[in-house]
Amino acid sequence: MAFLKVNHLKVYYPVRGGFFRRIVDYVKAVDDISFELRQGETYGLVGESGCGKTTTGRTIIGLIKATAGEIVLEGTDLTKLSRRQFYPYRKDIQMIFQDPYSSLNPRKRVLDIVAEPIRNFEKLSPQEEKRKVQYFIERVGLNPESIYKYPHEFSGGQRQRIGIARALTLNPKLIIADEPVSALDVSVQAQVLNFMKEIQEEFQLTYLFISHDLGIIRHMCDRIGIMYRGRFVEEGTCEEIFRNPQHIYTKRLLSAIPNADPRQRRQQFHLREEVEREYKQSYHRYFDDDGRVYPLKKISETHSVAIP
Amino acid sequence: MLKFILRRIMMMIPQLFILSVLVFLLAKAMPGDALTGQLASNPKIDAQTLEEMKEKLGLNDPVHVQYARWMKNLLQGDLGISYIHKQPVNDLLAGRMWNTILLSAAILILTYMIAIPLGIVSGRWTDSWADKLIVGYSYVSFATPLFIFALIMLFIFGFKLGWFPTGGSVDIQVEKGTFAYYLSKLNHLLLPALSGALINTVGTIQYLRSEIIDTKVKDFVKTARAKGVPESSIYWRHILRNSFLPIAAFLGYEITGLIGGSIFLESIFSYPGIGQLFLQSILQRDYSVVTALVMISGLATLIGTLLSDIILSAVDPRIRIE
Amino acid sequence: MTGKPILEIDHLRVSFRIQDQYYAAVDDVSLTVNEDEVVAIVGESGCGKSALALAVMGLHPPQKTKLEGSIIFKGTNLLSLSTSQLNKIRGKDIGMIFQDPLTALNPLMTIGRQIEESMDYHMKLSSMEKRQRTLELLKRVGIPNPEKTYHRYPHELSGGMRQRVVIAIAIACEPSLIIADEPTTALDVTIQAQIMGLLKELQQQMKTGIILITHDLGVVAEMADRVAVMYAGEIVELADVETLFHHPLHPYTRSLLHSIPSAQTRKEKLHVIQGIVPSLQKMPRTGCRFQSRISWIDESKHEPNPILREVEPGHWVRCTCYQHFYFPHDHIGDVGYGIS
């Protein structure tokens, strides 16, 4: 059985205008998506910026109300729960936020920031709490002494690791990682990714992993969903997506991955141009008249593509 | 937006209802009633007459019937009759209400006139001597209770120096409506307003100061500097606008505070407003006046918070009013 | 070679005051950026890249920061200018793209106003022209629907869209030097490619020099002409991009290139550099700063006072330890400190 099942999820943001700020329009940030996560797997969510990845994540942890659809966690539909009923699930689902700085309260010390979820859900003595915080701070590669500092005293990457440490303290079952390492240099990035894998095995964690970096997605994920304008264009195993991409948007995405070999600049450039040409030519085969993505269609047991 | 305001006003109704029940019950539970006061001033009334009067006033009816009657009158704008002043509460309040509104508005304006420049100076040039002076001032005024400060002001500027009148809201000699009349009103207003404002500014100064200190290290301020925006515009356009948000949010509570403050100020400066009346009425057990005043201040508080929300939503696009 | 130098950073030291003591976050860095050239700066997070960029822009708070050395931009030392003199240069001749797009925009101003603001001070345009230009800029950075976006507020845009707005602000007045601090971390690869293309285009059309700070070595490989590798406030290696990727010398550079996830690393542990960077206060100020991270290399292989040395024309390396460096076999994936 699926651990988390998202069924026909829609999230629309109202757009307001005029003096009285009336709703004049809606942004269809997430427009009918369905996918499922199995216990212990890493599911990658990739897509152009603004396609609704963060919105999807925030809706799953209950920060945004779903406009329609279901989010079923181990048999319970979270969208139907009241705030109070949702509370126990908050512990099970944690999010590592995209934005390292504004999600950290500038007036609080790292100790208090990281301990906040512990204080909400567990009762620990100050010593135990401090030990636990230091343990996680150290595991994300920060100096354990730094728990008495404030967020502004850290570099961008260091701040992100504080956010990761905070998400881990409650031993959640599902972690939604929204660009968890995009602010980190490759070595620290490697360290955090190794660490995420390590604890995944240890605690049977499930990850919803949102990233722009397809190198990281390929390294981390078992299955991948590609999003475009609030909808899925393709879904499949890591192999299928990287070896056998079907949708033109997926191809375009893969061709845009920067190549870490300066000698291949030219080839890469030509490849990109070619895909771009194909994209323009075959646009109408992949998108309907309103520019919308078609519904997903299964082409194998695990691989689905949005084609008419 | 309009819908929001209407909904908020609808939401006030149950809040005011609960307040009214509480106030009414409390007034009833107090020892003595409207007649006790009269009895004290006129001990010759015999038991028979007293009982008749009680019956006439409905004081023998069950509590809920009394409440319903009081509520009905209240909704029709009739606040009852003061048994001390022997006149309708409406008439009693009419003049005083304006005085209090005038005093509160004057305090509010003076508060912001003092607090905003000081807060800005203090926040912009942190740790300068000006900042230290301002922080010092706010510590002192934080530690000084309002009524003591008001008494000192009254003593120095009213009695010793004689710069300001020491009581009332206007000279009796001047004719209503003339220029001299308004001038005299202003003259009577100034000392109590200034006393209130000088104490009241502390919160706002400290708030603004810490808000500016927080905002000026924000990333978007760096972005603005990187555009080559001159320092003065950085402050006006970027830092201050963002720092004023919490001040605007605070306005509602500020108004609540003013109502409390007016009790002291008006009593000390013998300024005929509703604060002074409130204190007198409590002392004299004039409950119809007390209940009316509590209801009015409750309403003012609710309107104040609504006002805050409206201002906030007008200046902060992130706040959605639904 | 590329054109004449537009920015010459010479022995720059940026120190932060922490409890009445100054600690250098950027230590004795010299770097030249030529016209029409992209110089990438890579390095561990916290190594002082942003501190360097902010120093060039004059954005460090003077009460808390000490700047030493010189930063010569087109013949003037930026460090000797007053704020109002600096304001004539920043935004106009030097544009900066900030690291964190989510906080880099004023939450109370519309997108359109924020872009126009820099034109207010550096260009003589009517408000119609400004608007027109802003819409063009928005289109240029790949924002669909510029007219709508013009009137929207930052919180209504996704991270990637905000980043593009920040880029539009930086290039609004066509500066001759762009400092891009992680310009594409929040962007998906297709838009990243588009932004890279845009920066390249600017560079070619207007001979713009670009300082590109990034963690993404793929972006460096595609964009940069030269690369400076920083570690703990110092430049440890400086070379042209091909040499750096195909013939890296310094142990830090080599470890970094080793950590990139690739198709081959799937399901494996990634290479991690042992240990952690000491905090500013604890940083050893003598000897090779990388020494503690490669403890298996004998101490005697390090220089007592390592300097940046030109080992081949245009290829600079700090310390002699690179001659003796090797990867230990059991080292892959070791986080490096005791975990129970």
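We call the chains A, B and C, going by the order they appear; numbering starts again at 1 in every chain.
Heads up, the rule we're going with is that a contact is a pair of C-beta atoms (placed from the backbone, for glycine too) under 8 Å apart; a residue touches a chain by one contact, two chains touch by 3 or more.
The structure presented is a predicted model; accordingly, all values stated were derived computationally and were not measured.
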Name the chain whose C-alpha centroid is farthest from the C-alpha centroid of chain B.
C
Between B-C and A-C, flag the pair that has more C-beta pairs in contact.
A-C
Min distance from chain CA centroid to global CA centroid: chain A
In whole angstrom, what separates the CA-based centres of chain A and chain B?
50
What is the distance, in whole Å, between the centres of chain B and chain C, each centre taken as the mean of its C-alpha atoms?
54
Using Cα averages as centroids, what's the distance between chain A and chain C in whole Å?
26
List, in ascending order, every residue of chain A touching at least 2 other chains.
101
So which bits of chain C are touching at least two other chains?
100, 103, 156
Among all residues of chain B, those touching at least two other chains are 217, 219
Of chain C, residues touching chain B in the complex:
54, 57, 59, 61, 63, 83-84, 86-92, 95-96, 98, 100, 103-109, 114, 117-118, 120-122, 153, 155-156, 166, 169-170, 172
Interface with chain C, chain A side, in the complex: residues 13, 15, 27, 46-51, 54, 98-102, 138-139, 141-143, 145-146, 154-158, 179, 182-191, 193-195, 197, 212-216, 218-220, 238, 242, 252-253, 256-263, 265, 268, 272
In their shared complex, chain A is touched by residues of chain C numbered 42-46, 50, 99-100, 102-103, 156-161, 163, 182, 185-193, 196, 215-219, 221-222, 224, 241-242, 245-246, 255-256, 259-263, 265-266, 269-273, 276, 278-279, 333, 335, 337, 339
Please output the residues of chain B touching chain C within their complex, sorted ascending.
127, 217-220, 222-231, 237-238, 241-242, 315-318
